[in-house]
Amino acid sequence: MSALDRLARLDRRWIFLVTGLLVLIPLLWPLNLPLTPAPPVRAYHDAIASVPPGSHVLVSADFDPAARPELEPMLRTTLRQLLQRRCKVVVVVLYQGGPLLVDQIVRDVAAAQGAVYGRDLVNLGFKAGNEAVMVLMGQSIPNTFPRDQSGADVRTLPVMRDVRNYSSFRLLVSIATGYPGTKEYVQQVQGRFHIPIVAGVTAVTAPTMYPYLQSGQLRGLLGGMAGAAEYERLMNERGAASRGMDAQSLAHVFVALCIVLGNLAQRARARREEG
Amino acid sequence: MKRELPLFVTAVVGLFMILSFFVPHQLVSVPADFLQQSAVIVVAFGIVLGGANLLRVNLEAVVKRQPDWPYRLVLIAGLLATVVIGLIEGRDFQALGTRSTWIYDQIYAPMSSAMFALLAFFIASAAFRAFRVRTVEAGLLALAAFLVMLGRVPIGNAITGWLPSGLRLGAVSEWILRVPQNAANRAILIGAALGVMATGLRVILGIERSYLSGEE
Amino acid sequence: MLSWRAALVLAILAPAAGGAPTAARAQGQAIIVPPPVIQPSRPAAPRPPAPAGAVPSPRPARGLTWKDVPDDAGRAIDLQWVLSPDDTLQRALVQGYDVMRSENPGGPWTLVDSVAAGVDAYRDQSTSLRRNVAYFYRIDAYGPGGVTPQGSVTGPAIAVSQWFNHTRWSALALTMLFFAFVLFFIQSAQGEGRKPFVRRIPGIDAIEEAIGRATEMGRPVLYVPGVQDIDEMQTVQSLIVLESVARTTARYQTPIKVPVTYPIPFTIAQEMVKGGYLQAGRPEQYDPDSVQFVSPEQFAYVAAVTGIMLRDRPAAHIFLGAFFAESLLLAETGFATGAIQVAGTANANQLPFFVVACDYTLIGEELFAASAYLSGEPKLVGSLKGADLMKLVIVALVVAGCLLESFGHHGLTQWLATQ
């Protein structure tokens, strides 16, 4: 039996094993491949960098632990950039699996940046209702989120004093894994309330965001861990996403190799069957 | 009458909600907001129905000792434990250091991440097994997949660093995403949006009524 | 009978989720909207007393005008003024402006908000603003030297409610056109009494074939109606198709399994399967446990469904509805069990996974055509024709828009932009 024949009968668990090793090894011994920020990533960074210090920015963090490896680094770097610019950050969560995770990240970054909760930033927590909540926020954010994640009355928090609805914000940052997420913000909020939006999404949803990027409905886009890593590069950081990129590089090469080997094996089998 | 009234109410409410998109006046916008908020509440109460079914089906299976009953017992225990702990902790169940937070951090988060991570393995095996280049179109598809996969990660730029910047894999993959991918995506999006509207209209006007009322 | 309640909920949610705004969604693709006017504002802190004689107080702002914000329910008033002559970077006598409001030209005045220096416009949409009430406005410039009220007041300004949002004419016209097309073709199909032509959709034909194979093998059929709630039209469509599928499985006397993510689709799915068995004339064979509520939690649902695949070994898997990351997890596991698989979704980013791992895939709108295709009812097929004609209109608009924009005419784009 030739090597290709054996390949055609390969148990898929061997593929799983190689994938696992290729992801694990660079996480332990990084290759430090150089990163080049793509134009949408640069636009994302620049959109935040052009928000005047002191103005409010709305961050909608809509993901759960499943999307954590891709989206947590984006959220962390975004919060850092916003707080370093002395922007007032208001965080909301519309994805049901996310509130606790997002709260930990928000508190973590705030502590590291020396930001004061309630004065420099606030986490309004989770509200069920998807697009309906997005539209309600267009009427009044304090009415939609009367209490923050920890149960405090939002009207007593200094950071919320000037916040009414979308018009109180310079920018909306949507970091989202699925539904409700960036697409819904573009459709329901950008169309009606005309707030500039930048987005960070998982790699698998990134291609569907390109129409919005091209039409200007999204000002910038981070796609998956690659986007997060390039953003970290622009911020001169080396965070979790940059470390993960080596693993992702090797995994992508392996998947490409799988396509080639799969086809070779198939050909060999077809030829033998003909013969 | 039993069938006509619900269909009539559906049609009236549906058309009213469409109207509210065009009419900002408070006589329309206030009731429309109220209806939307009510719908959110109604949907939230639905979880009770689901929970009851989940408990009934799984308890029955445990009582009848179906082959997989130990798993079902784990499910029931997990469901009840989470709900009871949440109820005991009350309003502050999401505060730092509560048992609910512990469940989320130590059980929910790792299990959820693990399931998502399986995707990487399945993509590799699907690529090996099913991505067959049998036609010219499939060949083009494979080529595009290659360029984008390698162009999206640093290694793509690293191996094509000697080319002019516009021909490096990063730039090429960006072009594929921006132009051909975008065009096809838009076409699917527009078609699907029209499908959504047509289905919505059929439901609102009761043309699909034999289906939604469960009777012929 | 629970399903009509669900239909009602759907009717309420749908326009917010995917109903009316979809017109804007389809057209909104290529529209670039101007950046919004956003007023940076600062906290309304009490003004510090001016240090005696050290810095002069700023000269007042001038020329305050008001305008009722159009196309709203009378909830906002736009203000515009000319900056104080002292509001320059060199002089730095102005720190900002206080927006003052009163119901009488003589006061008493209440502070609405404050804006930073250099800002000459403000949209008053505070919750205290009432419609159809006459207000007077004044802008006070403040700085290190103190506060200078404007010499004159502006008013009476009245926020009025409108009956029509004028920026949405285009959406209304296109929605009406679409409805007219659909209704026309439904009507004419009904009049002629014959089914309009619809091309073959192999994926839908394959559903019956898959059920037939499951019957031959004596194994159940697995039907997955997507992972979203009833406010997603794909879920609605999938549940409608479920009835036809259940009718077929009832005829073939093959068990069907339907795991569902959300409670309301769950109750509808029960109705649909029951209805299918009823229509096939086999109500006694309906198993109430065939439809099962699992969890709205995405990966808990995946674990449950892959569990069903591996334990019960269904011979046919039908995935119709909205799918996300679970698409490949389900389809690859399904492939490993050797089942025949049919998938359909309008979530474009999941299509490649289904195409690779399933035997047949319905792409985008094919999913929405499925119920009409399966039933063959002239009315439903007529609605497909209406949607097709609308697509032609959109293609024409896209081409016309590209040409006009290329030659510098922005009329069409502006008409299509909604607010």
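Per-chain numbering from 1; labels A, B and C assigned in written order.
Heads up, the rule we're going with is that a contact is a pair of C-beta atoms (placed from the backbone, for glycine too) under 8 Å apart; a residue touches a chain by one contact, two chains touch by 3 or more.
These figures come from a predicted structure and were not determined experimentally.
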Comparing centres built from CA atoms, which chain ends up most distant from chain A? C
Please give the pair of chains with the highest number of C-beta contact pairs. B-C
Separation of mean Cα positions, chain C and chain A [Å, integer]: 21
Can you give the whole-Å distance between the Cα centres of chain B and chain C? 14
Centre-to-centre distance between chain B and chain A (centres being mean Cα positions), rounded to whole Å: 17
Multi-partner residues of chain B (at least 2 other chains): 36, 39, 112, 115-116, 123, 125, 127, 129-131, 185-186, 189
Give the residues of chain A that touch two or more other chains, as numbers and ranges in rising order. 12, 64, 66, 97, 132, 135, 207-208, 211
Multi-partner residues of chain C (each touching 2 or more other chains): 13, 16, 21, 25, 29, 231, 296-299, 325, 348
Residue numbers on chain B that touch chain A, as the complex places them: 33, 36-37, 39-40, 44, 91-92, 94-95, 101, 104-105, 108-110, 112-113, 115-116, 120-121, 123-125, 127-133, 142, 145-146, 149-150, 152-155, 157-158, 168, 170, 174, 177-178, 181-182, 185-186, 189
Where on chain A does chain B make contact in their complex? 10, 12, 15-16, 18-20, 23, 33-36, 38-39, 64-69, 97, 99-101, 103, 125, 128-129, 132-133, 135-136, 139, 149-151, 203, 206-208, 210-211, 213-214, 223-224, 226, 229, 245-246, 248-256, 258-259, 261-263, 266
Using the touch definition up top, name the residues of chain C that touch chain A in the complex. 13, 16-17, 21, 24-25, 28-36, 38-44, 113, 123, 125-127, 228, 231-232, 296-299, 322, 324-325, 336, 348-350, 418-419
Along chain B, where are the residues that touch chain C in the complex? 2, 6-7, 9-11, 13-14, 17-18, 20-26, 29-30, 35-36, 38-39, 42-43, 46-51, 53-54, 57, 60, 67-68, 71, 111-112, 115-116, 118-119, 122-123, 125-127, 129-131, 185-186, 188-204, 207-208, 211-216
Listed in rising order, the residues of chain A that touch chain C in the complex are 12, 52, 54-55, 64, 66, 96-97, 130-132, 135, 140, 158, 161-162, 164-165, 167-170, 177-179, 187-188, 190-196, 202, 204-205, 207-208, 211-212, 215-217
